[in-house]
Structure formats: C-alpha cells, structure tokens
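I have placed the structure first, in the form of structure tokens, so that the comments after it can refer back to it.
Chain nomenclature is as follows: A, B and C, assigned in order of appearance, with residue numbering initiated at 1 for each chain independently.
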Amino acid sequence: MPELAADSMLRDAATVVGKDLRLEWRSRVTLSQILPFALLVLILFAFALDPDRRILEEATPGLFWLAVLFSMLLAIQRAYAVETADGVIDALRLSDLDPAGIFLGKAAGIGLHLLVLEVALFAGVTVLYGATPRGYLLLVATMLLATAGLAAAGSLYGVLAAGLRVRDTLLPILMLPVVAPVLIAGTEAFSAAYAESSGDGWKWCGLLAAFSVLYLAIGIFAFEPLLEES
Amino acid sequence: MTSPPTGTGAGFMRLHPDGTASRGSRILGAVVLVSVVVFLFLALVASKPDESLDAQGQLVRIMYLHVPSAIACYTAFFVTAAASAMYLWKKTMGWDALAASSAEIGVIFVVITLLTGSIWGHTTWGTWWEWDPRLTSTALMFVMYLGYLALRRAIIDPVSRAKQSAVLGIIAIVNVPIVHFSVDWWRSLHQTATVASLDPKINGLRLLALFVGMIVALMLYVWLMMHRFRLAYAEAALEAKGLDLALAERRAEALADGGAVPASVEHEGVS
Amino acid sequence: MDSVVRFRAAVCLLGRFPALAGVDLDVAAGEIVLLQGPNGAGKTTLLRACAGLVPITEGDADVLGVDLRADRRPVRPLVGLLGHQAGLYDDLTVAENVRFWSKAGRSQRSDADAALARLGLDGRLAEVPVAKLSAGQRRRTALAILVARRPRLWLLDEPHAALDQGGRDLVDGLMADAVAAGATVVFASHELDRAEAVAHRSVTVAGGTVSGLLPAPLAEVPVA
C-alpha cells in the first residue's frame, strides 16, 4: 500500500511542521535572535572587507550565502534543541509518527525559517551593499532550490548530532563540508542573477536541484536509524 | 584479508605474544618492506626526469607518491562505506571495527595526498596552495572524515556509535563525488592551472614507478588495516569480557540490598 | 490468563553498564504491578525496556505479543510511558502539547479534550505555556497525554512524585480506570503505603534483577 504509506508520511510531516511553526510563533527565537544575527553578519562583512560599496557589491553573492550558512547552523541547532529537551525525543520514538514524516516536517520547518532569513538577507544586501539583481526569476529559483537542499541536509545532520553532548561543536564540522556544493552553486547562480546575462546560472540551479532531491531521498531512508540512536 | 571474523575469531587474531601480528601480516609486512625499496629505486634512481614539452623535470617524482596515496585514500573510504552498509545489514561489531579502522587509515593517506600535492604546487606555481579542484575537493573530504572520526569519539555506547557512524559512513561516500564535481565545475569557470593540465608524460620506467607505487600503497593499506582492525576487534572483545564481571557485580548489589537473586539467570557473553 | 509482559533472564546494557542484569518478570493482563526497590536498582530501565525504548541484548523479552529482541519498535504505539521527563514543548501551551501528542499517537481531538478535562487542565491552565507550570502541573499534562492515547500497557515511573493530594488520588483513579477498561499497569514508586494499596501485587527490583516478594494474589486479578 505505497499510497497509504506516503499519505501518512505527508500527514505526519504536516503535523510536525505545524507544531514547529506554532513553537516559533510562541517563542520567536528565529525572528528575535537568528534574524538579527544574520543581519549583523552582513555588517561585520563590511568591517572585514571595505566600506567601499564596490567590493561589497561584487562579493554580494558569496557573502549572502555565507551569511545563510552561518544562520542555518543556528536554525538547525534551535530546531533540534526543542526536540531533545525534557525527553521529547523519547516521546517522538514512542509516538506513531512515521520517522520519514518527522524528517520531512523538520526539513520543512527549517526550510521555512531559512526562507524568511534569506528574504531579510536579500533586503540587507540590497540596502547595505547596493546590489541590485537583473534576473529575479533565477534569484528566486536559486533561493528555493538551495533552501530545499540545506533544509534536507540540516534536518538529517541535526538529528545525527542532536543526542550528543558535543552537538553544538560537532554540527558545523559535519555539515559545512557537506553543504559546500550549495555555497558554490548558490554563489555562482547569484553571480549570474546579478550580472547582465544569466546563462550559466541555470546550470548551477540544476546542481542545487540534484542536491536537494538526493538529500531528501537520503533523509527519508536514513532518519529512522538516526532518530533511534540519538 | 580484511573480512570480519566469524565465530570465535580463534586463529584470526592472536592477542599474545604477537600483539596484533599474525603469520600473514608478517609475511605481508616483509613483502611491503622489500617493495618499498624496489619502489624507491624505481622512483628516485631508475626512472628519468620528465623532459617533455611541459617539462616537470625532477618534480615528476612526487607523482609516484601523490597519486598512489590518493588512490589508497579513496579505497579506504570506499571500504568504510561498504563496511558501514554491511554493518547496517548484519549488525555485527566486526563490520563496525572494519569501517572505523579504514577511515582512520584513509585519513592518513589523505594527509599524505594533501602534503605532496601542496609541495608539488609550491615548486610548480610558487605557492603552497592553489585552488586546484582536485586538491580543494580532497581537503573538503579530509574535513568530512575528520568529522566522521569525531562523531565516533563523541558516542560512548558501542551499538549506538556503530549505527550512527555507519549511516554517516555511507552518506560521506555519496558526498565525495558531489563535492568533487561541484568544485571541479567551479574552478573550470575561473580556469587557471590544474593538476590535470600538468599531468606529466608517463611512459616506460616512469609508468612502472607509478604502477609499483600504487601496488605498494595498497599493500601498505592492507597491512595497516590488518593491525588496526585486530586492535579494534581486541578492544571490543575486552569490553565484552568485562561484561561478565559487570553483570556479576550488578547482581551482587541485590544481595547487598537484601533482595534475592533468581537462580535461573545465566549469561553466555555478548553476541 | 493472557501474558502482557514476559521477561526471561533479560539483560539490558546502557553503554557498558548492565542496568538490567537478568530480569525474570511476568505480568498478566489486567494486573496493577508495583515495582519497588532502591534508587539505581533498575526500575526505570525496566519500564523503558517494556516500552521498547532500550534494547534487550540477552535473554527473552515479550511485551503485548511483541518480541523485543527481534524488533522492539512495534510495541511503542501500544504502551504509554510516564517517565521522569514529561516530554513537553516548553513554549507551547498545555492544550497545544496534549493535542500535538495525541495527534502523534493517532488519537482524536475529542480524546485530547476529554483527557484535559479528566486531569483538571481544561480551564485557564489549558492556555498557559508549559514553561510556566509547576512540577505537579507538568506531571498532570504528561498524564493527560497518556490518557488521550489510551495505551494497552501503562508504564508509570513514580507517578505520585511532585503531585499534591488531589493529584495522587487522581493517579490512583486513572490506574483503576485503565485496568477496568482492559489495560494493564506497571508502575514504580517509593510511596509504598499509597502504592501498595492500589497495586494488586508488588515485586522488588534490586541489582538489575527482579524478585517477587509477595506471591501474586491471583484471586484479586480481575479477568479481562
């Protein structure tokens, strides 16, 4: 009964992501802590490079995705901090929720948070660095595909590190090499979107799409043993 | 040679007085030792420097160490992934020990690959690091497997550690081609010098030196694996041995508390 | 007499520590069994093992017809575990927590609302974030989730702890109700006067093993 299994997986994913959005609505950790951090990173980049707008404008695509990666680490840590506090992870194991559904729900939650951060960061680089894109379609496609990949990988590595005492220090070293292709592809696609022609950008979007599909597939199969042992 | 033990493991591992050595590993060790001498002769004495058009000169000799250690590290990480998959299927600690041992030795070979690549780059390009796609993706792979080993150190429970690192061991090997491909593509846009374009003309004795280098590196890998795997297996056996004592101590708490220990309790050791 | 829990020389390792060092335990359907014993004796691990949370590495273990050594996951939806930790999201309200977890346990929304009422959490308390609750109120919320899920086997780890007099009476009532509805209860407690009054029989856990001090008063066990 593959349809039924997929149905319950998606319904469980909706249950989990609904809970995560409600949690954010009540706690506002992303809006009041991670979002200011992301914007602060943009300001720090200006101190590190040069207040001269030209350099910042040229480096905008890379700086944007670097800021996304840094905030992503915080978002993943937050997403799994709520699942490991007060024995919640045991309750998840005891529940009837499909582990693949939990994976997709957590990924969707992380992804939605990342999208909010990205919109704010985009406004940030536009105002602070004076960067204006030419190809909006490519820009939006890149954001959506890269976010899907980061969220899927984040949901997977988040649960891997969740149960460990060293999770906060282990997560970056596990995740950042893995999402390096997303940084490369996102930066290149954004460079194309900010430039006159966006020809090469779509190729990089293809890479981002492949990365997302692969990590969604890995997560659906690998989440269960990781949840079991975390 | 690197398959996991079956049954009791008697004869497969000998704890004392030979340590982790066995007849097989000693013979292989002697063969490796002789091969290294042959390899060094071929690589440093017999083969001629590269004097073709894009001449590498004496520098070509670094290839005989760089390429074989790169091949050995890929082999090692592939074995880690295969052993991880086998662990998830069979759930026996031998496969876990194999995956862990192979990753550790793989990391050593990655370091050799990176160092020789960097030295070569310094002589060729004048800088210790060029953003060459092969070196860059190898560096990312290095950090990835450091993460794998860090995860292993972070988990205390042996079963939990085995299961989680098995999943990571498989994901890591999937990452290798993705990282490699994206870095390759990235650098091809900003075309500068790459290792590929500097590939020297390899023929005759130079080809033989490279070939022998690969054989030696793989034999060295197998030899290191024999020892490292036996050590990991002995550690697991030691833990299991301590279990009988731990069970007896645990039951003795009941007597101290005034409770009764059921006579039916028996223990046959950890499977 | 149906067997709900059947352990034979069951060993459970936490890391390298044998928390259960060969447990023999039988619990029949409809029983209320009290686990007593000193701290660190293995009561919590025994309850978690029954819930399929920790692995049994040696011996036999069968709970509600599920062979825990073969695969312990199928038993989880059938049991309800009240542990030391409540398993609640601090930022969500009482009602939101109970509704989420009963949805996660495939229960109806009406079950969740009925459970809130049963535990006296329906008025003003329902809209209070869990982070602002007292220890006893957290305990009541966790119990409400259990009630909403209607498990076949209730596993309660010191259910009376942190509760006031009314809460303790409520717990005893819940256990009686569960058994009357055909479920089985195993619970650990240090409040022996109260616990022995509600339990059909009690066993002692010590040193990771179980010994029955009192023979099962079979006559008292209601036939489910």
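In this section, a contact is a pair of C-beta atoms (placed from the backbone, for glycine too) under 8 Å apart; a residue touches a chain by one contact, two chains touch by 3 or more.
On a predicted model such as this, the values are computed, not experimentally measured, just so you know.
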Nearest-to-centre chain - CA centroid comparison: A
Most remote chain, CA-based centroid, reference being subunit B: C
Euclidean distance of C-alpha centroids - subunit A vs subunit C, Å: 38
For subunit A paired with subunit B, centre-to-centre distance based on mean C-alpha positions, whole Å: 32
Subunit B and subunit C, separation of their C-alpha mean positions in angstrom: 46
Two or more partner chains touched - positions in subunit B: 159
Set of subunit A residues in contact with two or more other chains: 228
Parts of subunit B lying in touch with subunit C, wherever the complex brings them together: 156-159, 239, 242-243, 246-247, 250-262, 264-268, 270-271
Complex contact set, residues of subunit A against subunit B: 156, 160, 164-166, 170, 173-174, 176-178, 180-181, 184-185, 188, 200, 207, 211, 214, 218, 222, 225-226, 228-230
Subunit C residues within the subunit B interface of the complex: 8-9, 11, 13-19, 21-22, 24, 37-38, 40-41, 55, 57-58, 204, 206-211
Of subunit C, residues touching subunit A in the complex: 51-53, 73, 76-77, 79, 81, 83-93, 96, 100-101, 103-106, 129
Residue ranges of subunit B in contact with subunit A within the complex: 88, 140-141, 143-144, 146-147, 150-151, 154-155, 159-160, 163-164, 167-168, 170-171, 174-175, 178-179, 181-183, 185-186, 189
